[in-house]
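In what comes next, chain A is part of two complexes: it sits with chain B in the first one and with chain C in the second one.
Let's look at the complex of A and B:
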């Protein structure tokens, strides 16, 4: 076991955990607000995918990773807006809508990818490298021993992901945060006080999409310069779990995302440390953590009173 | 060893051709017309063209398993006079039989290649209904029918050679392997890779990480970076889409790497030592020759095992590493290649057999 506890191993493991948590935080933090307002985004996996593809596309045409991140956010938000229209305005079942949006995203991205990158003559996409993010060492902070290598030598999107946590805490504590909670707990009371349930739900869902789109941008152009149709790989569903296990609170989301990311990173780091763990066990790790979390080991999660319930204005 | 430059464009053209022919074949009136043009080229080639359909497990551009078949057909169809009437992607077990009947009954396919193990049952069923059609099935189980051939790949030999090449480029003696999904045959190939590395450097340490996914470049990159941190100075990207991330890790740190399933030189020209390449041309050639000689009813050639001996698997050229691999290592690789082909060296254990 001595090889496990080397400095390089621990620093490396934690640095991997730090960045693996970033897309989960980005996808889950908006989702926490959305669920607090009574709307679950089962299609989060789809928001990440359209966001990831939107970012790849943006970076390809605009030649800049930052602009790509912007188009990724727009793509994620647009997908969420569509889901929101069906769930909020058309009052459709949220779970079914979410699954439909997820499947629609896979199909739409698959077709768009084929048409756009097929060299104009066949549905045969070419692999095109685009501008991607590079690590940016934070001046000063990155030279702190251990901490610098773990936290302050990442790509900018990782810093952005962690920045959303304190911002979300502030928002939750503000008057607007109170309105979001009221929307989920007693939408009628909010309406009679002059607020708009639909407006707040739309804002929450679209913001979830935009943030997930940024998470998707991290998946496609954050670490690599290429796009794969399977890049999301279940992270949207894990993020749903993160939002719930994290009790729909930004700090809870942060902790839950880090726990999941640690399980994922152990899978990648343990085999390099000379520890003879069966590979099947390692690959199970992230899923075991998911099941433990969802089985309510960390306590039961109370849902808002109007959770999953469409709102209809009294005439 | 086939050069792979321009392969993607070639497959793209093949697909266009397949699509347009599919459209042609769909119209009843046009069928005779396309048959007419076929006989013209038959006079030129001396043989009747064989209408061929290819059903793929995944996407033809995956640059691995599926590309290996699409590319092999593309390279051989001229010489073998194959008329590719359709190439279907992502065919699942559920719609396999329907897809086969469609390409046979509407597309007029005489040779159907099923590049997906999941289609085994459907093939058995449809092959019985259509004894006049020749079937070629990946990883078929049991004894193939008279009009059916099975094929498997044995990539252990070529991975042994890849391991030798990798070890020759490692100064630290630590080599990292990032695998996608730990399928039995891939695990065996990794064991052979390790045995090959140890044949060059008996003290070589091979770190193996299984990501559990073929399409997660992010994890593929982090797994590669972890291995580099832990001393690996050569990486083996053995994970399809996941492997693309491993290539990124190698590029970030300037570490040489080995590619899988096709010549991945273009992905990282300065760093790609070599790749293992799958080539189905010998399979397609053997089947079509038997089909032309004896007719489709008895076109089956049993089970074809792609290996070093029949060039079904091979090591890609060293490209930029041609001069960096010591002459004695090259000699040892050639020696091992001959020994594996002759059956005197077991690539998985690295032990010599009598």
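Let's look at the complex of A and C:
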């Protein structure tokens, strides 16, 4: 084992884990709020995809990665708004709506990608490199041995992802956080106190979409400079698991995201360390962890009382 | 004030005036329109017609938020609290701003709750989770929250309480009433919704009686009596509750022979034998959990006994399927109509044939006969005077009394030889109770054997021709109706008078 645990291996593994956790955190932290307010976004995978494509498109036309991140957020938020309209205002089944949104996103992004980047051959869209994010070493911190290489030499979107955690903790403790919890637990009580269940739910869902859109932007113009239809690769569904296993609390989400990200990174790093495990088995790892988590092995998670229940105002 | 829900009118041109400094009782049976009227005032329901004036000024239809801003607060029947938040957080949820437009902080909310609590004798632990509070404390929190709302808006003008006493102990009720009278003395108009006559007499200055969505009368409480109020509420004189008992001579319809039921190695029914004759109501008394509910489940085929036999009209039905039983010989009115009796989300038409759907009348070779089912539902709706928008209405949207009528309608229509009725009037008002009782007596006079399981001694004493008492799974006594009274039954149920009087 001693040859496996070299410095280069550990630093590389942990740095990859830090990166891989970023889109999971971005997608799951908003989702934690949505679920606390009683709404599950099964279409999270779709928000990530439209966000990733939106960011790519934005960066392509505007020529700037930061503007691209912005258009990615708008695309994710717009997808979530559509899902929200169906789930919240039309009171449709949340699971079915989420699946439909996911499939719709795959179709819509696929068509748009082919039309825009076809170059005459719709079956073989042209790969175009766009302005992407570069690593930005945090002055000072990045020269700390080990830690600097692991945590402080990343693209800015990764730092942003980790920044959302303390912000989310503050938000949860604020008055608005109280309203979110009340919305999921007893929507009637919130309404009777003069609040609006619909408003809170829309805010949560659209914010989830915007954050997931940013996560998608990381997947396209954060870790590469191009776009591919399969970039999300199930991370939206993993993020659903992260939100639930993390008990819908920002800190829980952070920890859960790191665990899943570690599973994903091991898949990349174990072969380099000469560990002879079939690659396919390693690729299953994050999904196996998801299933174990959702099956309640890490303890049962109590759902809010109005979880998955549409709200209808009296009369 | 008028409000309709579809073709059902909940409030029909109702007038109400409430004065500063009074406790005003709003009296009426379930479904008389009391809650609807107050929900309009509080802004959670919009009326179809009418005007609302506060301090003599006409105001438009409020939203809940506007109502609160005007100093009108409401304590709902189902308390509007978030159980997973603390006391202070629940207050903060509805009281967002202070007098001078600053944001209220959690610390300030908790300080002011404590302060109001001290001033009015309503102590609360502000850091406790609402889930951990007793019902009385939760109600106290609602009142304190209303008071704080009022304080910030320059005075609580109107406080509405919707059946606040339902789950309180006697002592808690008395304390609540003291608080309400103090509030009124301080200049708040207090409205209390209730259907209990003694509470009206105890706490109110004036009382408005609603019946069938209309106002019957408003009178000063001091000039009326419980009898008069009861008559006004129900619309006719309340008849004495005892019915004429019968002494049947027919053959036994139901024989229970030494039935024992073990549930996870615990004996819950222990060697019970009894029989019920045609044309007889046998009441089963006992404190909750004495095995009477399990016995009823065995007889109606919901559960198998561990040993013993059940004979129905000479046929051994110990191991017979429930389906066979309820399709033919047994009518069952289960205790919890919402869980075991009706399918809440299903329409009346389907609830009326639940369990009877295999009857030839309602299906042919597995295809449902829509027209026959509709006619059946329409006929029973009429016969059992169910207040409904039509047979498409989901059962759960009916009032409790009407749901019970649907259940009775379905079960009594079978004209079964045995009726097992468990707590058939649970949660019903006076008129509803009387209705159910009359129907059961009708069935007895028709010749049905009725086993009545109830926790309500008044009900058992009023209806039963013979009473048996269960305690700890055993049958500990049997009395003819004439020899039973509440004291004697109470002693036997508690196990301190094991006197079995043979009948």
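As a convention for this text, the second predicted complex is superposed on the first by the 306 of 315 C-alpha atoms of A that agree within 3 Å, B and C clash if a C-alpha of one lies under 4 Å from a C-alpha of the other, contacts with A are read in each partner's own complex, and residues count from 1 in each chain.
Everything that follows uses one rule, which is that a contact is a pair of C-beta atoms (placed from the backbone, for glycine too) under 8 Å apart; a residue touches a chain by one contact, two chains touch by 3 or more.
It should be emphasised that the depicted structure is a prediction, and the values quoted were computed from it without experimental measurement.
A.B. asks: Do chain B and chain C fit side by side on chain A in the superposed arrangement, or is it a clash?
C.D. replies: They fit: once the shared chain is superposed, the two partners occupy separate space.
A.B. asks: After superposition on the shared chain, which partner residues are touched by A:279: those of chain B (first), chain C (second), both, or neither?
C.D. replies: first
A.B. asks: Quick check for you: in the superposed arrangement, does A:193 touch first (chain B), second (chain C), both or neither?
C.D. replies: Touch partner of A:193: chain C, not chain B.
A.B. asks: Applying the touch criterion given at the start, work out whether A:178 contacts chain B, chain C, both or neither, answering first, second, both or neither.
C.D. replies: Once the two structures are laid over each other on A, A:178 reaches chain C alone.
A.B. asks: Applying the document's definition of touch, where does A:89 land relative to chain B and chain C: first, second, both, or neither?
C.D. replies: neither
A.B. asks: After the superposition, just quote the angle formed at chain A by chain B and chain C, using C-alpha centres and rounding to the nearest 10°.
C.D. replies: 130
A.B. asks: In the superposed arrangement, does A:64 touch chain B (first), chain C (second), both or neither?
C.D. replies: So A:64 meets neither chain B nor chain C here.
A.B. asks: Name the contact category of A:143: first (chain B only), second (chain C only), both, or neither.
C.D. replies: neither
A.B. asks: Who wins on chain A residues touched, chain B or chain C?
C.D. replies: B
A.B. asks: After the superposition, what is the least C-alpha distance between chain B and chain C in whole angstrom?
C.D. replies: 35
A.B. asks: Would you mind listing the overlap between the chain B footprint and the chain C footprint on chain A?
C.D. replies: none
A.B. asks: Can you list the residues on chain A that touch chain B in the complex?
C.D. replies: 8-9, 12-13, 16, 19-20, 118-119, 121-127, 219, 222-226, 228-231, 233, 264-265, 267-269, 271-273, 279-280, 282-283
A.B. asks: Note which residues of chain C are touching chain A in the complex, please.
C.D. replies: Chain C reaches chain A through residues 5, 39, 44-46, 63-65, 68, 74, 76, 78, 80-85, 89-90, 92-94, 96, 103.
A.B. asks: Contact residues on chain B for chain A in the complex?
C.D. replies: Within the complex, chain B contacts chain A at residues 8-9, 11-13, 15-16, 19, 59-61, 63, 176, 182, 207-219, 221-223, 225-227, 229-230, 232, 241, 244-245, 248.
A.B. asks: Which part of chain A faces chain C closely enough to touch in the complex?
C.D. replies: 175, 178-179, 181-182, 185-186, 188-195, 304-305, 314-315
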